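Chains here go by letter, A, B, C and D, matching the order in which they are written, and residues are numbered from 1 within each.
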Amino acid sequence: MADPASPVVRLDGVEHRFGAVRAVAGVDLAVAAGECLGLVGHNGAGKSTLMHVLAGTLRPDQGALAVQGEVLTGRYDVVVAQRQGIRCVFQEFSLCPNLTVAENARILHPALTGFGWRAQAGRLIGEALDRIFPGHGIAAGDVVGDLSIAKRQMVEIARAFTVTDVPVRLVILDEPTSSLDAMVAGQLLAFVRSFTASGGSAILISHLLGEILGTADRIVVLRDGQVVATRPAAEFTRDSLVAAMGSVAKAEPGARPAAAAGRAGTGARIRAQPARQTDGQELVVHPGEIVGLAGLAGHGQTDMLLQLFAAAGRRGGRTLVAGEVALVAGDRQADGILPLWSIAKNITISSLRRMTRFGLIDPAAEQALASEWQARIQIRTPDLEHNILSLSGGNQQKALFARALGSAASILLMDDPMRGVDIGTKQEVYGIIRAEAAKGRSFVWYTTEMDELAHCDHVYVFRNGRIVADLARSELAEEKVLQASFAEAAA
Amino acid sequence: MTAGLLTPRVLRSLLPALSLAVLLVAIFYLQPRAMSYFGINLLLNLAVPIALATLAQMFILTVNDLDLSIGSFVSFVACIAATWLSEMPLLGILALLGCILVYALLGALIYLRDLPSIVVTLGMSFVWLGLSVLLLPTPGGTAPGWLQALMKLKTPLVPFCVIAAIVIGLVVHLGLMRSAHGAVLRGAGGNPKAVARAGWSLLRIKVTMFALAGCFGVLAGLALVGLTTSADANIALRYTLLSIAGVILGGGEFVGGRVSPIGAVIGAMTLTLAGSFLSFLRLSPDWQIGAQGAILILVLALRMLINRAEARR
Amino acid sequence: MAAEPAWQRLLAQPWLWSYLAAASVWAATIAFTQGQGGGQVLTAAFTFAAFFVIVGIGQMFVVTLGPGNVDLSIPATMTLAGTLAMRIMDGHEALILPGLALALGCGVVIGAINYGLIRALRIPPIIATLSSSFLIQSTAIWYNRGIRIKPPPALAEFATAQVAGVPVLAVGVILLTVLMHVLLTRTRYGRAVLAIGQNQRAAGLAGIPVDRIRLGTYMLCATLAGLCGYVQAGFAGGAALNMGEEYLLASIAVVVIGGTSVAGGNANVPGLWGAALFLFLLVTMLNTFGLGAGIRLVMTGIIIIAVIIAASGRQRAR
Amino acid sequence: DTSAKKIALSNNYAGNSWRQAMLESWQKVTSKAVSDGVVAAADAFTTAENQATEQAAQIQNLILQGYDAIVLNAASPTALNGAVKEACDAGITVVSFDGVVKEPCAWRIAVDFKQMGKDEVTYVAQKMPNGGNLLEIRGLAGVFVDDEISAGIHEGVAENAQFKIVGSVHGDWAQDVAQKAVAGILPSLPEIAAVVTQGGDGYGAAQAFKAAGRPTPLIIMGNRQDELAWWQEQKDANGYETMSVSIAPGVSTLAFWVAQAILDGKEVPKDLVVPFLRIDQDTLAESLKTTPVGGVANVEYSQADAQKVIEGAQ
């Protein structure tokens, strides 16, 4: 273990406010060389804000900051942080979508200039990608905007580990796995371990507590901007960690009774085939069903959801979608939030038809809907009229959830909707989903978390844009899903 | 994707060139005489200032701003070139440098006060026009001899205007698309926050881009007055719209730092040729104006068709 | 919720500065003439600003759809609608309403064509509307070659009527503005436009019928341009081929000076009046000062920039 | 013999009734000339935007198309010099009219715009020997014609010191713009005795005076039919007196015949002058009768007229 006496970075009494909100309320934090520090806390606990302070992109209102024992308070900013070898993979997408992978690497490295810089940058990022994510399938010349969200995330992570003139001392990973599937996430976590083993330091933020427990040496729990617990990871269990975060750990749900009448009974609400499907295998969804889409990220699940979304309200065609549809988008920055609007307006946009009287939107009904959902899934904000961007990442995701759940749609399409949502809220949302399904709503739920498939009545596993397995609830088992996800075409 | 060379990206970037080629072929078919050194020169020499103005606009669009004043700015430069630059060269050069400085300051102002560039440049368009009217109340003046000589240069084999267009396009391509610094400049259009988080000064980037735009605006004005030999306060007002259309036609986008210098040059040339193509058709005067619109629509529809065909493959 | 004091909310309005600018320009004019004609200048200002506002509303909705959205065919649409209506009415009072319907219908069709080009042929709006404006202008030329036909007297009277120094037309346009403000802020259509302007893809995925809304917006814009052409022809005693020329820049100017964001997703209707009055009064002020054309233009530009700087300072202070 | 020769008209603007009348006259006269076998072709070309750069490109295209002569109404007297020179170098005859070009190799059929401005003031002075305040409506800033007419007006005022220009606005040669500018400045002006214009803005000015509730001054008209009709109305009602002056759109046909004469090998001086078309109180009724409703008073020229103009200059 590293020597805690000479930390790589050290924060003392750091405080940061956004208007009336004390996002970080006096935090002491130190990271030792060779240490992987896990940082957990509910949505809006202040994790990202604290990391912004550490990365130099936000100036703390109070408190001191030291790197390698040198006190830098007051003259600390991004440039200084870079020069000290501190890198940050922010929670929000921080690549330039119009540039190639190699060019994005160059943005981080002022030293990459002169003749042949392009090849050098390509080599640098390529090597990093190979090291962290073997078999990533990303070329240095790819334009970032054309990549899937998972690949973009991989590029951003790999970029943080590239080295030119300054050695990398500390890498901050703010929910790096939220857009990655389990396999790629595993690659990353293994790499983080080897990185810290070779003397580097890392801060890892995640709402998947298993990742934290399995990767971090020490865990810091943040609640409402304050540190409430700091202990070696080995001293935490999943339950004690959840308790420290301030949520009540719920027992895993028992087996849901299979839909009483069986699938053949009622008429299907959705019948669809992926565009690339050749064998006639269909995706079928009945009223009141929760259908899961599984498989590795980027194998056609999102396309399937978009196909269903486009087919809604359209008569005829090969895809049958009988009913109104709402979607929880996977890429919340690009496809979800409306950045100029308040939280309330973001929530109500899909429900306005219900709130229109004599052609005019009824502000009271709007207010009521937003407040109702704020309470139901605990969106942390002093005022729903504040801009949506004032929410923490997880809370933005909750607002998008509220938008879809609050709408009148009978079919909900969910593209990995729990990205960045804290564990307490997840439990609430699982409950809501099950209750809504019981009322007859149908859910099509793409998830990268194996645990969540347990909530589904039926699971379709995708590979290479096709459905390769069709598992009823009774047949569901982790090995089967994994086997179907990876198996080379057998027949 | 089997064909390694013809990826969608390559095809997409070839589209502007393709539509230019189609237009050229159509013109040569209608008027074989145009297919000569002399003919190509006549067809394309006025495209050089437009291409320069289009590139100026492109620099501004790269950082998600829009310049509504480039037309009146080019006019003003032309007025300076036709008066001071030939009578008092030193004063003329200082004035032109001053113009570039004003552009750089505008960039700083727009960034620091977070102003909508479209309003600021709308205001500047009046300022430049007013200055032109003050400098040259009635059309006239004479371009410096060296400038006229340069623009009338008879290069061997390939007309000067073609060489100039290629050189301009390539230089900017190398500077903006291939250089290490160009990547940062474009990145600032794609995700300014990310660029700032990597430690770059957005202020410096804005100022650089606006100064470059001013620089190319000055070049456009000089090239124009070299061709027309004398100036007029209203001479290039149309360049504002032309330059925006040229960038877009060349595959650029209004936001997100997605631009293409070579595309922009080709876009400018396509717009110039579209007008010529029509005069070769000898339409009824009533419909000559409308046909300008129709030809633009045709050129773009053609690109859409190619795009579709490519998407289907 | 914590209620901000009313004055603070007022100060935060994006349109405030265009009104302040208009008021100060007017005050400067009146100071120069030592009080002479202040009321009459205002009457004229409201009369002419009304035309700017009509087209400004349409342009504002289009601009709000997001970056790159702009309608450059407004001048040509005005010309064609005015020309068509005047020629069909040919001075007959009985045809005033059919003439109006024709002018509006002309706008509807043009708007549909514009969006058809944008959508079906994937032509960027700026080039699509520029191209169609050439075609429309040609149609107007072909249709009556610039012959100037007088409007029916009743229409001309309505367009120029004043009650106690208050232009009737301006009152009508103020009512239209109120209606459009409600359309923008209180209806699903308005919300949809604002949402599309922020992020078209996200708006579509939130269930907004993006195509229908955009089509409707381009049609609304062209229809208002048609209306403006009709009223303008009634006001000026006939339609001229160049009657819309200055509306190209002016329509964009009133939108952006009025505080609507060119980046899309953020619009405001009241600002249009402030900006339109400001632009008219600015020209009047400089004319009254009797400055030369060059100085006048330079001053115009500098004042516009000064106003926008002042406005941004206020927004920052929030 | 010019029966094999081809003549082109290069026109920079078609967006007002004057230009439309000009194109119509051209069409009428030249199509007859073509069918009579005087020339082989006489095509008209108009640019989409009123811009010198576009017209320069158009001229270069006409060179490529092998026309023998280009008749030119230029967007700018100087900005086309480069293109005109190229045409001359290619052996093409260039005849400019209305908007003439300064390039020495081209012919010019000019109207003495300065004189026109001066004549307006002279007329006003004659009507109002006691003088008074004048309002000047100008055209488009930075354009040659605007400058010339205005200079003439100011010269006239300098010679008639009893007059004073108390207001000057730019109407951009568009009636609605002129009307707006006048309406804006009017409230701040003292009593106006007369309005001097550049043509086409008279009706709009009259409307603005009416809207402001001010007495109608003497307004110089610009030969548009609506102006003449209004004048006639006022004349019948209260004996209103004024004059109307402008260049006749049909001058394009004169330029055509001059170009034909040059191609025919005739000796033609480089600078020709045509008189402007003036309508006075006594010729009003007749002019109004021959002017199409909504159009412009016009005169078309024949080959013989052209001959006379050429001889007059020699």
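Just so we're on the same page, contacts are C-beta pairs under 8 Å (C-beta built on N, C-alpha and C of every residue); 3 or more make two chains touch, one makes a residue touch a chain.
Treat the numbers as computed from the prediction; the structure is a model and nothing was measured.
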| item | value |
| --- | --- |
| B-C or A-C - the one linked by more C-beta pairs in contact | B-C |
| Centre-of-Cα separation between chain C and chain A, whole angstrom | 44 |
| Centre distance in Å when chain B and chain C are each reduced to the mean of their C-alpha atoms | 29 |
| CA centroid of chain C to CA centroid of chain D, Å | 32 |
| Intercentroid distance (Cα basis), chain D paired with chain A, Å | 71 |
| Multi-partner residues of chain D (each touching 2 or more other chains) | 14, 48, 141-142 |
| Interface hub residues of chain B, defined as touching at least two other chains | 129, 132-133, 137, 288-289, 292-293 |
| Residues of chain C whose C-beta touches two or more other chains | 134, 137, 141, 145, 293-294, 297 |
| Contact pairs between chains, per stated definition | A-B, A-C, B-C, B-D, C-D |
| Interfacial residue positions of chain A with respect to chain B in the complex | 55, 57, 78-79, 82, 88, 90, 93-99, 103-104, 106-108, 110, 112-114, 117-118, 143, 145 |
| Chain D partner contacts - residues on chain B that touch it in the complex | 31, 33-34, 39, 42-43, 45-46, 49-50, 129, 132-133, 136-141, 224, 227-239, 272, 275-276, 279-280, 282, 285, 288-289, 292-293 |
| Residues of chain A touching chain C in the complex | 309, 325-327, 329, 334-341, 345, 349-350, 352-353, 356, 359-361, 383, 385, 403, 407, 409 |
| Touching residues (chain side chain B, partner chain A) in the complex | 9, 178, 180-181, 183-184, 186-187, 189-191, 193-200, 256-258 |
| Of all residues in chain B, those that touch chain C in their complex | 64, 66, 68, 109, 113-116, 118-120, 122-134, 137, 241, 244-245, 248-249, 253-255, 286-294, 296-297, 300-301, 304, 307 |
